[in-house]
Structure formats: structure tokens, C-alpha cells
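Naming follows writing order (A, B, C, D, E, F, G and H), and every chain is counted from residue 1.
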Amino acid sequence: MKRESVRALLEQVRRGDVDPDQALESLSRLPFVDVEDARVDTHRALRHGLPEVVFAPGKAPDQIARIVRALRESDQDVLVTRVEAEVATRVEGELPGGEYSPVSRLLWYGPAEVATLGNGTIAVVSAGTSDLPVASEAAEVAGRFGNKVDALYDVGVAGIHRLLASSDVLRNARVVIAVAGMEGALPSVVGGLVDKPVIAVPTSIGYGAAFGGIAALLGMLTSCASNVTVVNIDNGFGAAYVATLINRL
Amino acid sequence: MKRESVRALLEQVRRGDVDPDQALESLSRLPFVDVEDARVDTHRALRHGLPEVVFAPGKAPDQIARIVRALRESDQDVLVTRVEAEVATRVEGELPGGEYSPVSRLLWYGPAEVATLGNGTIAVVSAGTSDLPVASEAAEVAGRFGNKVDALYDVGVAGIHRLLASSDVLRNARVVIAVAGMEGALPSVVGGLVDKPVIAVPTSIGYGAAFGGIAALLGMLTSCASNVTVVNIDNGFGAAYVATLINRL
Amino acid sequence: MKRESVRALLEQVRRGDVDPDQALESLSRLPFVDVEDARVDTHRALRHGLPEVVFAPGKAPDQIARIVRALRESDQDVLVTRVEAEVATRVEGELPGGEYSPVSRLLWYGPAEVATLGNGTIAVVSAGTSDLPVASEAAEVAGRFGNKVDALYDVGVAGIHRLLASSDVLRNARVVIAVAGMEGALPSVVGGLVDKPVIAVPTSIGYGAAFGGIAALLGMLTSCASNVTVVNIDNGFGAAYVATLINRL
Amino acid sequence: MKRESVRALLEQVRRGDVDPDQALESLSRLPFVDVEDARVDTHRALRHGLPEVVFAPGKAPDQIARIVRALRESDQDVLVTRVEAEVATRVEGELPGGEYSPVSRLLWYGPAEVATLGNGTIAVVSAGTSDLPVASEAAEVAGRFGNKVDALYDVGVAGIHRLLASSDVLRNARVVIAVAGMEGALPSVVGGLVDKPVIAVPTSIGYGAAFGGIAALLGMLTSCASNVTVVNIDNGFGAAYVATLINRL
Amino acid sequence: MKRESVRALLEQVRRGDVDPDQALESLSRLPFVDVEDARVDTHRALRHGLPEVVFAPGKAPDQIARIVRALRESDQDVLVTRVEAEVATRVEGELPGGEYSPVSRLLWYGPAEVATLGNGTIAVVSAGTSDLPVASEAAEVAGRFGNKVDALYDVGVAGIHRLLASSDVLRNARVVIAVAGMEGALPSVVGGLVDKPVIAVPTSIGYGAAFGGIAALLGMLTSCASNVTVVNIDNGFGAAYVATLINRL
Amino acid sequence: MKRESVRALLEQVRRGDVDPDQALESLSRLPFVDVEDARVDTHRALRHGLPEVVFAPGKAPDQIARIVRALRESDQDVLVTRVEAEVATRVEGELPGGEYSPVSRLLWYGPAEVATLGNGTIAVVSAGTSDLPVASEAAEVAGRFGNKVDALYDVGVAGIHRLLASSDVLRNARVVIAVAGMEGALPSVVGGLVDKPVIAVPTSIGYGAAFGGIAALLGMLTSCASNVTVVNIDNGFGAAYVATLINRL
Amino acid sequence: MKRESVRALLEQVRRGDVDPDQALESLSRLPFVDVEDARVDTHRALRHGLPEVVFAPGKAPDQIARIVRALRESDQDVLVTRVEAEVATRVEGELPGGEYSPVSRLLWYGPAEVATLGNGTIAVVSAGTSDLPVASEAAEVAGRFGNKVDALYDVGVAGIHRLLASSDVLRNARVVIAVAGMEGALPSVVGGLVDKPVIAVPTSIGYGAAFGGIAALLGMLTSCASNVTVVNIDNGFGAAYVATLINRL
Amino acid sequence: MKRESVRALLEQVRRGDVDPDQALESLSRLPFVDVEDARVDTHRALRHGLPEVVFAPGKAPDQIARIVRALRESDQDVLVTRVEAEVATRVEGELPGGEYSPVSRLLWYGPAEVATLGNGTIAVVSAGTSDLPVASEAAEVAGRFGNKVDALYDVGVAGIHRLLASSDVLRNARVVIAVAGMEGALPSVVGGLVDKPVIAVPTSIGYGAAFGGIAALLGMLTSCASNVTVVNIDNGFGAAYVATLINRL
């Protein structure tokens, strides 16, 4: 039932065509107005001037192209995440105009420059070179979402001085995204260096007892630093999304 | 906002005191009528003539007594689940009139006889004597919910002939609840003997590799019988609840 | 030993050709009549007018074709589940006349229309687009089994209003199948909206801490809604099978 | 070595009393100023006007009293977390003036009223009555840390309308803390209703497949809502801490 | 229906009092003769001259005493397993004549000497002093079941020479029970020293990564010795039971 | 040091060429005679007239061929296990004369008929058609090891009558191997039907909560039948090996 | 057979009283000299001048006292580990002269001062105050074993500067023991600061996703620092033992 | 900021060009000297005369070649670990002069002979032929790092005499690396035979309940031998690295 239908019903009540009790019955089941086919994420995204986001895994290249084209025709920017190189090539073959980043596996349809909307800087720090895909996903998503981003890669805790040498980057940030695989200790150290929210992203990097990111995930959840919250393994996008919300406060 | 308030608002619209657009604004956020403090389960329960259910663990005896008294004052029957014997004694000390079953750990405030509402019989079968608390919880809850119940205990699969000897009980049932700990094989065998829905309840009975019910749970989820669905470990109440819904169809 | 053999034996006893003690010996070991090579599931299926079901994984295309041909020659309808597209093509190459659905991965040999046998409607709701294969397996199996089916896809709990907007579908159903991956929260919300049995199907959709469906599975087993039972991860078929049994009550 | 000592050293260098090479040696090892015995958390807390926090488990009542007394003598407010009732009684016996909350298990030594420092409101929502200890820990900690707090308890997803009825609370918040045990679905639903950061707190409430909070934890980590981050099981304090940092941005 | 009833039925058929078709109907459902209430284990035990076995955990002392008395009145020997010392005292208080072994936690009602029935010797070896309760349960059960038993305790693999020094014990055995906690390596070493079946019993001894016996259990299941089979954690009784069956071949 | 060397040393002592203390030193370190390069398994195998066994996974076809050729040149029979079809083809290309079984994945170099050495029959029962590779590995290994084997496949517990119909096979066996995937309930039922040792083999068959055989493994370890021991997941070979040892007693 | 017996045998061979072949037979089975009842650890300990070690859990106070008395009568020093305070009191009641440390839970019977045997210093660092029992067990055991020990407690990674301020302690050590619970990140940071072996000890400190030390254990096993090895959860003793062996090289 | 810069700054202070307070500000943030872009591991490696190490997985062949070339141009030796054969071929195609070992998967760019730096011998023992890749990685890395290495392969505990026959190798070593998959029992036995540190390496060898190395890992962590420490699954490199550090003490 759409907003117009509700107004019509109310008009009927005013005109006496419908009994209040009948209307009550109709309305008591009505939890909202007019959502039907629209995606809630879309609505929220639009309100915030954020691009649409499409999660590529499990979708065929032509399916991705079709979705992106439809969104582009509605004048929306589109960010496709977790796009393997060969998929990107095929999507761009069907729909030119995209910008693909092979490290972050992001495919972007939108302006080269995005207006800055956040109030400060988001710092993205990562532990090892293998964590780069997840860290750069976080950094580039944050950038496409209109944030100033400072990236600081390869500052693992076994070489703690490198991290400390760049602590200005951390101190200048409004929110920090800390990405690490293996033992996932980076967010704890970072959390101790800053007084800002730290969003920890465990990665599936590592072998054996790393268990595809479980070691890092557990380490981050049990961090001795109180300012650390955690997102799912490899979820660089989610960290950037939350960091964006925080940065706009 | 209560049902009365909505009717009042609609009356105002009819009288022209309130503009339909204003009313629309008020109503568009209103997903339901009159829930505030009442428990949704209560509403559903009342519609079905089911008693109120209180889950005892984590509640102090006087807290349980207070809740039950309030419900009794509203003329509702009340079933308290997972009540340890000493807790039951203290609750009954504060609020006489209850009926306590030490095996099923159920404390009942209501009529000794409940009207039969289901269309058939619910069979409750269990594997070992240690599964009795869970099985009898399922059987007695089903009984208090107005079902005819046939109970068949201690028919574990290592003595398969005992189960087969009583297969009439299974065949006469409209829905079967199968309770088992350890390897949890009973629902698979039962599922092969009947053409009715089988609700499997893993119990935490067993030691070592039983892992507090995990072995039974996994066994039931991977049952080779297609008519088996599963509830949580030791959740005899939940099985009886779903069986009641099915038996009323 | 077939039913006929037993009757013959009893005739021999009546004629005095066989001693009661000898007959006792023969009969005391006889737990059933006429199963030999036939599959028990077949018998049950036939009694209910259900098609035969073949689980494809682990079977070669020519093996599947051989099984289906044998069943078709016995005038039975056959439903093959979990058939990958290339397998379907090869089976249909050997045995024309099948109907393949690439999303649900079902291959059907039987009439285009199946007589309706259930007493009401089965609602199939699912959370995300990635859950579609499992959800459509459930919906199509339910349809091939003679049920009226209402499907409601892509109504995940993070956009709760979409689900609420379609709550009529839920309320009209006799039994609901709720399919969800990731956190698997859909059955809890659905369970709170209806007073019917809800069969929850966790899917292996998700990454990281989804652990191939474990997160969803645990979420559904510990649902705060009492009318939820659970089947194995990705087991759309099993959910449809049980829903069919319930719908025929 | 304290800040004053460093300045003294530099003065010595200026006066020529100390050779630059010697000073270099002393300083090159000095990564920070004045930490020696003080707890880093203390420093951070003091800079932000936050009270000192003492984690009670594993500490004897007299040990707690000693720590608190020492801190009080330094004119600091002290918040002791996870204090069981009998422990609180004994601590207060040794050190009067505390304020104990038996539900949140917090023991507070400080002013009855704390000045508001955050820029908005923190909403704390929880699913069931059993989650109350964790939810109220979050809410009271946030209050003691100077935030305005809106609490909304017992709004589990199986009764979704209750949550929707109070969605104003959610929409007015700058950051939301969502607390849930069992299947932990609440943060996903809440995350879909607001455009603010949601900090999810899994609780150890539940039995069987809840596995002491693992089911809720996994559910929250794999939430389909992108604005959800997660803290450790039962970590109401940590959620309030991060929410405070966000609310001060 | 008992064996006598079946014979009676067959007599009726012979006399023509009952129609073969009717008798067929009665018999076709009859999978066995005479089990009704009797415990299958009892029957099996009696056939083999084995004592009755009662598993004590979860049973109250008076309940145990009642069961044992009933069995004793049927002239059966009874072995109660996993009996804590205070329980044994109370059972013996109600029913004198038992023999209690505090290490193996076995309570025996039967002759001091049991006739030897097995064809050879069962060796029981264990790794550490903490494994003694499980190892002695195995050894004493095997003894009560009529086997000659050779016990060899405290021969852990970190002191391999002690085990090798007693390899005659192993070589003289017909079947070996190897009991170990912690890393559970003993059965692998023993399996390499003998050409007989080795029944491995993991114990819950150990801390940390021993995970209550999981480390030992996994180690035994993945043993590089091909002659090792495994029973549940701490299941000394089960190992003795199977060893008895093997020793009687 | 070989047996001959020890004798030589002792001769030297007798002749006085070597001092007893020196000899003592040499001998005290000598735990065995003459093993150097020979595989212990080989020795054991030879003593029992068993063929050599080669585990194929991880070995290249030419490596397998080389090992088999060397063993054949020593006049030994060789059984290669877990050989994929293409590997078998390549091994047989390099070394003709083998006999390959594609279901059990065994490659046999030895006489077509093996002399019977065991004292009775080994029964191999399995639950589903998918368990056939493991079950037939067990059955064929047992056959190649000189045992009479009775195989009974596709007798899963959901169709319990099929198993009961063939209970003669079970009762005639000296030892039973029970193979099952999914919930792994077969050994419990079989264990209740026979008074012989039952060796349970969990298989990795199943999906979702079967967890690659964990559900079946746990179910078998916690079996309510006391005569069940367990080997590793899919370890048909190990079951046959132990059954052979038992059958020769 | 003891060393003397072997010499006697060899003398008999020299004298010609025993035939070399007979002696060969006797000796070929003899893997060692003189272990019978003695504990191998004792022998090793004695050779190194280490005290005897008794692990208290699972032993009654009088049992501990008896063991210690026997060892003291052999002039050996004894270190009892994991002794709870009340147990220590009772042991000392029976056997005066012990020195009990309530934090490390060590009970020592030996000289107040132990001669220094190691070549350098063992550093023991720990993360939080709750890790103190395990850290001080490691430090005190190392001390009783004759090592110089430098302890550095409460230097968790969330306050990284405290650790860096004391890096001299780390650099001066020959081997470092790093003790940490929760996320267990300390060994990684320490490992990056020193070029010496680091023995990591996970503790069971923490709650929720710490899973009794699993989070710390996994973190340490997957450390990005290559010089880290790991012992069992809470195994401060084992770390000290290995550190002692290293320090004596 | 480099050491020279700090000296320059201090000179400026001495000359009065810079104010002590300003210098204090500059210095208080300076935790280290001269690390900027250099890898800490490199520095450490160089100090010890160790080669650079590159971990190949996740790096493309040309990327590996580029890194190695850059390091070679700085006159450093380079060891690339975990290099698959085809990758090695491609790297050597781009950068000749490497030495590839297909079993250990090591690619070496450096002198054929490395100067011996350690004080003793490192023994590497392994359990089965399948453990060879990990064991030879450990042995060859230790060799390239300048240690004398004694390797002893295929000495699994099920054939304990083979290990005992070579115990001289163990006794002569200064540190032992013990590599084993499946039940991982080898380090416990080895630990009992030597008085030196034993570094245990679990391998991912095995199937079923081996769980990719978990069984071996848990077994090693819970070893009853006190001189065992553990590294990550398959981490032969890490074991060799720590053994090298110990051997240089």
C-alpha cells in the first residue's frame, strides 16, 4: 500500500465513506509507506550522496554489466567490489567507462574526483604486503565515498619502529582502519597510540594456525585496547563504510 | 500508542479536527497496535488459547513468582520451564497452587485438565533414560498445550527391536518428536519408519566426543531421512511448540 | 521373502504341511514384507503420489540417465536435484524429455503440471539474491510435490520494511520456508510474524566468519522465535519435503 | 625518565656540561616521556576527562579497594566493572562512598551527576531480558562517561513491531549500541533502520548451539547491514567506550 | 508379543481357527520375539555370562541401589561404573555386599573371583599417572568380564625405554588397550610394537590445547599405526568391552 | 649394528679382545637388531603373509611404479591404495600386470586368488551408495588379506528393515566393519544386532553440517552400542587391517 | 635388568660361563640400562643438577607430601608446581621446610639460593596484570633452575612505549619468555625487538572470544616474527624449562 | 630522521641555535634511528650475516624476480621459500643463477657453500615420507643459514626402533627440529631422548581427523616432554630460523 493509498483512505474517512473502525483495521497492519521494490541501501545511499555498491562474487560479468548500466541510467555512481581482473575486463568490454584497480579489485563508474564530504581524515594502516588487497579496498572505498584518506602500509608489529615513525598519520586521523592477517596484532598497538575509534579488519592472510583469518579475528576481538571494534574477515569495504559514517558525524 | 488512541485519531479525522495529511504522518510510523509493555508472545499465545510461558533460568524465585502472579491475575494459565526443584519449592512457597514435575522441570499454574485442541496425536520418543528430562519436557508441554501425546521412552537404536515393537505409536501420530543424545541416531531411524514430520531434539547427554550435544546435533542435521527438522540442543519446549502448531493445522 | 511367500507359508501351516515351530522359526526373523531390492523411499513416495528423487552430486551423467530411465519405465516421475548445467545437458542428451531449471539446479522428468495435493500454501522467503539457488530449489521442489507456493525473495532483515510489506504472503501460508545465509536472521523475524511452523534453511552464502553456513545455522538453531525448526545447510530440498508433509496434514 | 629530566639533559647540553654524543646515546633509546609506572590508559583517560576504569574479575575485594583508594586520593573518579554483588558489598565495606548497580554490576566512585561531553545521544538497544546486564553495563558506562543515553530494552527481532515502534530512539541517536544473545540478529535489523554506526555486542546468553555467545558473535560479524562493527562477547564496556569516542567527534 | 504368543497363533492357524490372511496381518508387523520391556543389553550380557552394567552418572544413590537390588534378586552380577566415592558409600549403605575401587570408580556386586573365559591376555598400558582412573577402569572391567589382564602403567612416550623394557607384556597379549591423555601418542608407539589389535582410549587429562581429550582423540584417530582403533574420551569401559569380545573369539 | 655384529662383539668379549665395560658401553645403546633401511611394516607384513601396502596420494605415478617394481622383484604382493583412475592407468602403463578396481581405487599386483587365512567371515556393511568407495576399499582389502568377506551395501538406518532383512550376514560374521557418512548412525544399529566387535568407519560423504565426516565421526565415537570402535574418516583400509588381525585370532 | 646385571652377564661371557649366542638373546631385547621404577625425568634432572618437579593438580596434599618426602630423603631439591594456597598449607603442615609463592603457585623444597648455571640472562615479559601467575611461574622456575632472570611485567602492546622503554632488558637477554593472554600480541612485538629466541606462552586470561587462551595461542603460532616458538596455554613451567636448556648451551 | 640528524640537532642545541624546548619537542617523538623504508628483517639479517628471505606464495614470478634482483644488486644472498616448480622455472628464466630444490621448494641465490657460523649441529628428524617437503625446508634453510645439519627422515613412532637406532644423531645435536604430521607424536619421543631444545613442526600431512595439521599441532603443544616448543603448521623455515639463533648462542 503506497503513501497515496493511505492518503486516499484517510480522505475516505474524512468524507465518512469509510468507518474509523474499518480504517483502523486496514492501517493497523501497515508498518511503512512505499518501499515495495526499491532497495533500502539505495535510498540510504542516495540520501548521503554515496555511490551504489555492487558485490561482484557470484555474479556473471554480463549480470554485473546489466546492473551497473541500469544504475548509470539513473545517474548514479556505481562501485563494484571484489572484481577479479578477468571479470573486470569483460564488464568493461560490455560497458566502457569504468576505472579498475587490480590491487583493491574495485571497479568504479563515476567521476575521477569525488567531492570531500567527511570532516576529517581516515587513516588506513596495514601489517604486511599480503594484506594490501584488503587495505587498499578499504582506502579506495573510503576515497570514493568522499573522505580524505591517509594510507600507511607494511607497518607490522614485528617491526614496531616503522609504525611509531609514522604515528603522526595516526594522530591526525579522525578514525583509523587497521588491517592485519596472521596474528592480527596491529589494531591493539594502533589502539594504544590513538584516542580515536579503530576499526579492525582481520584478513585471511596466513597459513596453518591462521585458519583463514580466524587467528586474526579472535585476536582483534580480544584486543587489550578498548577503542577497537571489528568487522568480518577481509571486509575492507565494511570498515570503510563505517569509517565514512563516523567521519561525517 | 494504543488501539484506543488510533481510533480516537481516526474519529478526529472524521470530524475534520485533524487533517488527513497530519494523520498520515502520525500513522505512517505506526507499525502495530498496543504492544508497549505486553509481550508479543502473549498476544500470539492468547489468540491460540495457549498458556503463557516463562523461561526460568537466570530469574530469581521471587522474580518468577511476581511474573506468574501478574499473569494469573489476568486470568492466564502459566507454564514455567526449566525450573530446578529448589526453585520450584520457593516459587510455590510464595505462590501456592502450582503443579511441579521434577523430571520435566515444569511448573504449571492452570487447570489440571486442558481441553484438547490438536487434530491428532503427538508421539514423543526418546533414546535413553538420561534423555528423559528433555523428552518429558516435550511431552508435558505438548500436553499442557492441548495435544494428545503418546510417549515412548528408552528406545535407543542399539536395541532397534524395542523401537520396532512400538511402531504403531509412531504410525498413529500426526507429528513425531524424537529426542536423543550421544550419537543422536534415533530421528533417522524414526524418520524412516513414518511419513510424518519428525522434529529432532538433540540432548546434551553424553561425555567426551558428545561435546555437550554437538555430536547429536550434527547427526540430526545430516540425517539421511528427509522428513527430519531439528531444534536447539535440549530444546524440548521448542519441539513441543512447533509440534502443537503442526497438530492444529 | 515376499507377501505371497508368507501367505504360501501360512497355507502350508493350515494344511499341516509345515509344522508351527518350523514356521515360527522362519517368521521370527522376518521384519518386513517385500523390500529386497526396492528402495524404501520409493515405496513411501509411491504411497504419497510423490515423484522419485535422485541426488545428483557424485553420480556421473550416464549413471543419472540410467537411473532415471529405469524409473521412467516404471511410469514414475523423477526429480533430480543439485544438477550442474553441464551435467543436465549431458543427461538430457542421453534421455530427452527433461525440464531443467538452471537456478534451482533441478532436472524434472514428469508432467508440466502437477495436481495440487496440499491443503494450503507454502511460502518460501529468502534473504539475499545469493540465496536464490537454495530458495528456488525449495520452491520448485514444493511445486513439483503438488503444493501451491508463494515465493518472496530478497527480503533480508537489514531492509525490514520490504519483508513487512509482504507480510500477507506469510500470513496466508500454512507453513513457511525461510532461507538465509550470512547471519541467518530472517527465520527469527519471520517466526515472529506468523503463527505457523517455520522451516529455516541456512545457506553457505557469505565469507569469513560465515564459515560456509555455520553462522547462519547456529543463528537459526538459537532463534528467539519458538516456531522455528532447522534443516541442514543448503538443504532446500529437505525443507520442501517436510513442508509438503505438513501441508498434507 | 620524565619530561623534566629530558629538559634538564638538554639544558646540560646547552651549557656544555654534557657532550652531544652522550646525550644522543641517552635520548636515542627514549621513545616516550614519563610513563614509568603510570598506566597509559590513565593518561588517556585524564586527557579526556574520563574516569579511571578497574576490571574486577580476578581481583580480591581488598585489592580493588586499595586500587580505588589510591586513585581517589589522586582526585580521580573510578568505575569498577563486572563487580559481583558480594564483592561490591565487601569493597564498599572497606571504602564507603561507592554507588553500586546490581544489574550492570558497576561500582562507581565519583559525582552523582557527570557533565555531558558528547555531541549527541547514544542509543542502547537490547534483544531480551537476559541481555540486560550487558546492555545496562553499556548504557551506564556511557552515562558515566558523559554521554546522553537512550535505552530501549527487550526489543528482540521475533517481535519486530516493538522495535519499529521505537524507531525514533534509533533515528535520534548519533551512534547505536545493539546488544543481543542467542542468534544475535538485532544489530542487522537496527543497522538497516539507521544511517549511523552500530556497535554490536554479542552476549553469552542462550544454551546449546548458542555456544556461550559464538552464535551471536558470528551472526554479527556476518551481518548483512554494512554499518555494523562488533566487539567481544559480553563487552558492554568496550562498546560504550568506542561509542563515547565517536560521540565526541 | 512373546514367542509363546506366536506359537499359539500358529497353532490357531493349523487348527483353522485363524485365517492365514489374518495371521499374515498380525505377523507382518512383528519384527522380533519377546523384547517388550527387557533391556537388550541384559539379554546379550546373559548369553555371554557377562555381568549387568549400570552407568552411575546422573543417577541418585538410592536409584542405583534400587536397580542393583532388582538385578541381584535375579541372580545377576552387577558392575556399576563411574561411581564417585561418596556415592559408593551411600549405595553400599543401602545395599551391603559391594566391592568398591576408588581409583577405577567401579562398584562390584558379584563373586570375588570370576571364571576366566577369554582365550588369552588383555594388556592395558597407560601413559601417565593421571590416566590411571581410566586405565584401571579398563583393566578392572576386563577382569570382571573374565579376562586375564596384564597392566603396565606410567609408560609414556617421553620415556620410551620404560615401554620398550616391558615389551614382553605387549607381545604376550591377544589384544592391547592403550590409554593416554595429552598428546595421546602411546597407541601409535604400541601399535608399532605389536601385531595385535590395539584399542586406543584418549583421556581428558591435560590442560590448555589438550582441550579435554580432543588432542589425544585426534592423535589416536590419525595414528600412523594401522592396527589402532579408537573409543570415546575416557571410555575405559568400552575398550574393555570390545577387548573382551575380541578375546573370546 | 646387525645381529652379526653383536655376535662378533660377544665373541671378542669371550676371547678377551674387548673389555666387558667397553662392550657394556656399546651394547647399552643398542635397542634392536638389524632394522636400518627396512620398513618395519614390511617385516610385520612378511611375517603374516600379508602383501605390502603403498599409499598412493602424494606420490607420482612413476614413483609408485618404481616402488611396486622393487617390491615385486622381492617376490612380494603389493596393494596400492587410494589410486585415482588416471594414476592407475599410468602406473599400469609402466608396470603391466596390475588389477585395478575403480570403485575401491585399489591397484593390486599379486595372484588373482589369495589363500584364506582368517578363521571366520568379515562382514562389511555400508549406509548409502555414496559410501561405496570406502566400503569397497574395506571389503577388497580384507579379501586381498585372505579373509572371507560378506558385503551388504546401501542399508542405511532410514530404511531399517533392509538391514534387518539381512541380519544373518551380520550374525554369521566374526567381526563387522560398518561404513557410514552423514549422521553415521549405522554402527550403532549394527552394534545392537551383533555380539561381535564392530569397527566403524566414518566417511566424508555429506554436505553442510556433515563437515567432511566430522558428524559421522562424532556419532560413532559416542555410539550407544558398547561394541563399537572407530577409525579415521574414510579409512576403509585401516578397518580392514584391524579386522584381519582380529579374524586371525 | 640393571647396569650391574649386564656387566655380570658380560663377565660370564668372558669367563665362558655363558655362550655368546645365549647372551645375544638376552641382550638383543634390552633397550636400556636400569630404568625400571625410576622416572626418566629424574635421571635427566639429576644429570643437570636440576631439582625434581612435581605437578600438583590431581594429587591430594598427603600424596604430594609423600612424594616430596621420598625425594628429599634422596637429597634432592623438589619444586611442586600449580599448588593452590590451601593445598600448600596442608602440604607444609605435613612436611615443614617448604617455601610457597602464592602468585606463581610454586612450592619449593631446597636451598634459598641456587647456584647460577646458565650462561646469560632469561628475560620474562608479560602483557597484563592477570598474566602474572603464569609469568611469575616462568620467572621463578627459571630462577630455581639456576638462571639469572630479568622480569618485566605489565607491558602490553596497547601501551607500546612502556615496552620500548625497557628494551634494554630484552636486548641483554640470551633468551626471552613472552607471556600474554587475550590477543597474545606481545611475543610478535618482542620478537621484532630482539635477535634471540622468544618462547611465547599464551595464557587463559580473557573472556568471550579469548576462548580460554585459544585466541592468544593462535596469534602466537601465526606470529609475523620468525624467532617465536610456542608452548601450551598457561605453561610457564615448560617455557622456563626450555629457556634453561637454551641458556646452558 | 637519521642518527646524523639527531647529532646535528644536538649540536644546534649546544651552539644555542635551537632552544632546548624545541629540541625536546622534536626528540620526544623519535623512537628510533634510521629505519624509514628499510625492512627491519633486512637489518637484522645483515647484522647476522644471514641471507634475505622472500616468501613466494601470493607473489607473481616476475615480482619475485624483481625483488631478488634488487637484493642481489645490494650484494645480498637471497633465499626464496615455498616456490612451486613452475614458478621457480619462470623466476630462473628471468634471473639466472639460482639453485632450486624441488623437494624443499627453496630457490637460492648465493654461494654454493656457506660459511659455518653456528656452534654445533642442528638435527632435523621427520616422521613420514610425506613430511619430507617441510623437513627438507627446515634442513636446507638451516644449512643456508650456516649451520651443520644432520637429517634423519622417515623415523615415525610406529617403528620406534628405527629412531632409537639413530639416537646418536639426536644426542650429538645442539638443537633438534622434529617434523611430523598425522598424530605428531615424534617430538614427544625425541624430547624424551635428548636434553636439548626440541622445536616441533606439525605438518598438514594426513586426512580426515588430521584436519590439515591440527591433530599434530595439538599433540605437540600438549607434549608430555618438557623440552618441546612448537611453530606453525608446515613452518619448516621458522623452525630453522629459531634453531639458527639457538645454535649461535
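Rule of thumb we're sticking to: a contact is a pair of C-beta atoms (placed from the backbone, for glycine too) under 8 Å apart; a residue touches a chain by one contact, two chains touch by 3 or more.
No experiment lies behind these values; they were computed from the predicted model shown.
A.B. asks: By mean C-alpha position, what chain is farthest away from chain H?
C.D. replies: Here the answer is chain B, farthest from chain H.
A.B. asks: Just curious, how far off is chain H from chain C if you go by their C-alpha centres, in Å?
C.D. replies: Roughly 54 Å separates the two chain centres.
A.B. asks: Roughly how far is chain F from chain H, centre to centre by C-alpha average, rounded to an integer in Å?
C.D. replies: Each chain's C-alpha centroid was found; their separation is 38 Å.
A.B. asks: Determine the centre-to-centre distance between chain D and chain H, using the mean Cα coordinates as centres, and give it in whole Å.
C.D. replies: 41
A.B. asks: Enumerate the residues of chain E that touch no fewer than two other chains.
C.D. replies: Residue numbers touching two or more other chains: 31-32, 40-41, 158-159, 161, 164, 192, 208-210, 217, 221-222, 232-233.
A.B. asks: For each chain, which other chains does it touch, given as pairs?
C.D. replies: Chains touch in the following pairs: A-B, A-C, A-D, A-G, A-H, B-C, B-D, B-E, B-F, C-D, C-E, C-F, D-G, D-H, E-F, E-G, E-H, F-G, F-H, G-H.
A.B. asks: Where on chain C does chain D make contact in their complex?
C.D. replies: 127-128, 156-160, 164, 182-185, 188-189, 191-193, 206, 208-211, 214-225
A.B. asks: Would you pull the chain A residues touching chain H in the complex into a rising list?
C.D. replies: Listed in rising order, the residues are 130, 158-159, 161-162, 164-165, 167-168, 205, 207-210.
A.B. asks: Within their complex, state which residues of chain D touch chain A.
C.D. replies: 31, 40-41, 44, 47-48, 119-120, 161, 164, 174-175, 192, 195-197, 199, 217, 221-222, 226-233, 237-239, 241-242, 245-246, 249
A.B. asks: Under the definition above, what is the set of chain H residues touching chain A in their complex?
C.D. replies: Touch residues, chain H against chain A: 29, 31-32, 35-36, 39-41, 57-58, 202, 204, 213, 217, 232-235.
A.B. asks: Under the touch definition given earlier, write down the residues of chain E that touch chain C in their complex.
C.D. replies: 3, 6-7, 10-11, 13-14, 16, 20-21, 23-24, 27-28, 30-33
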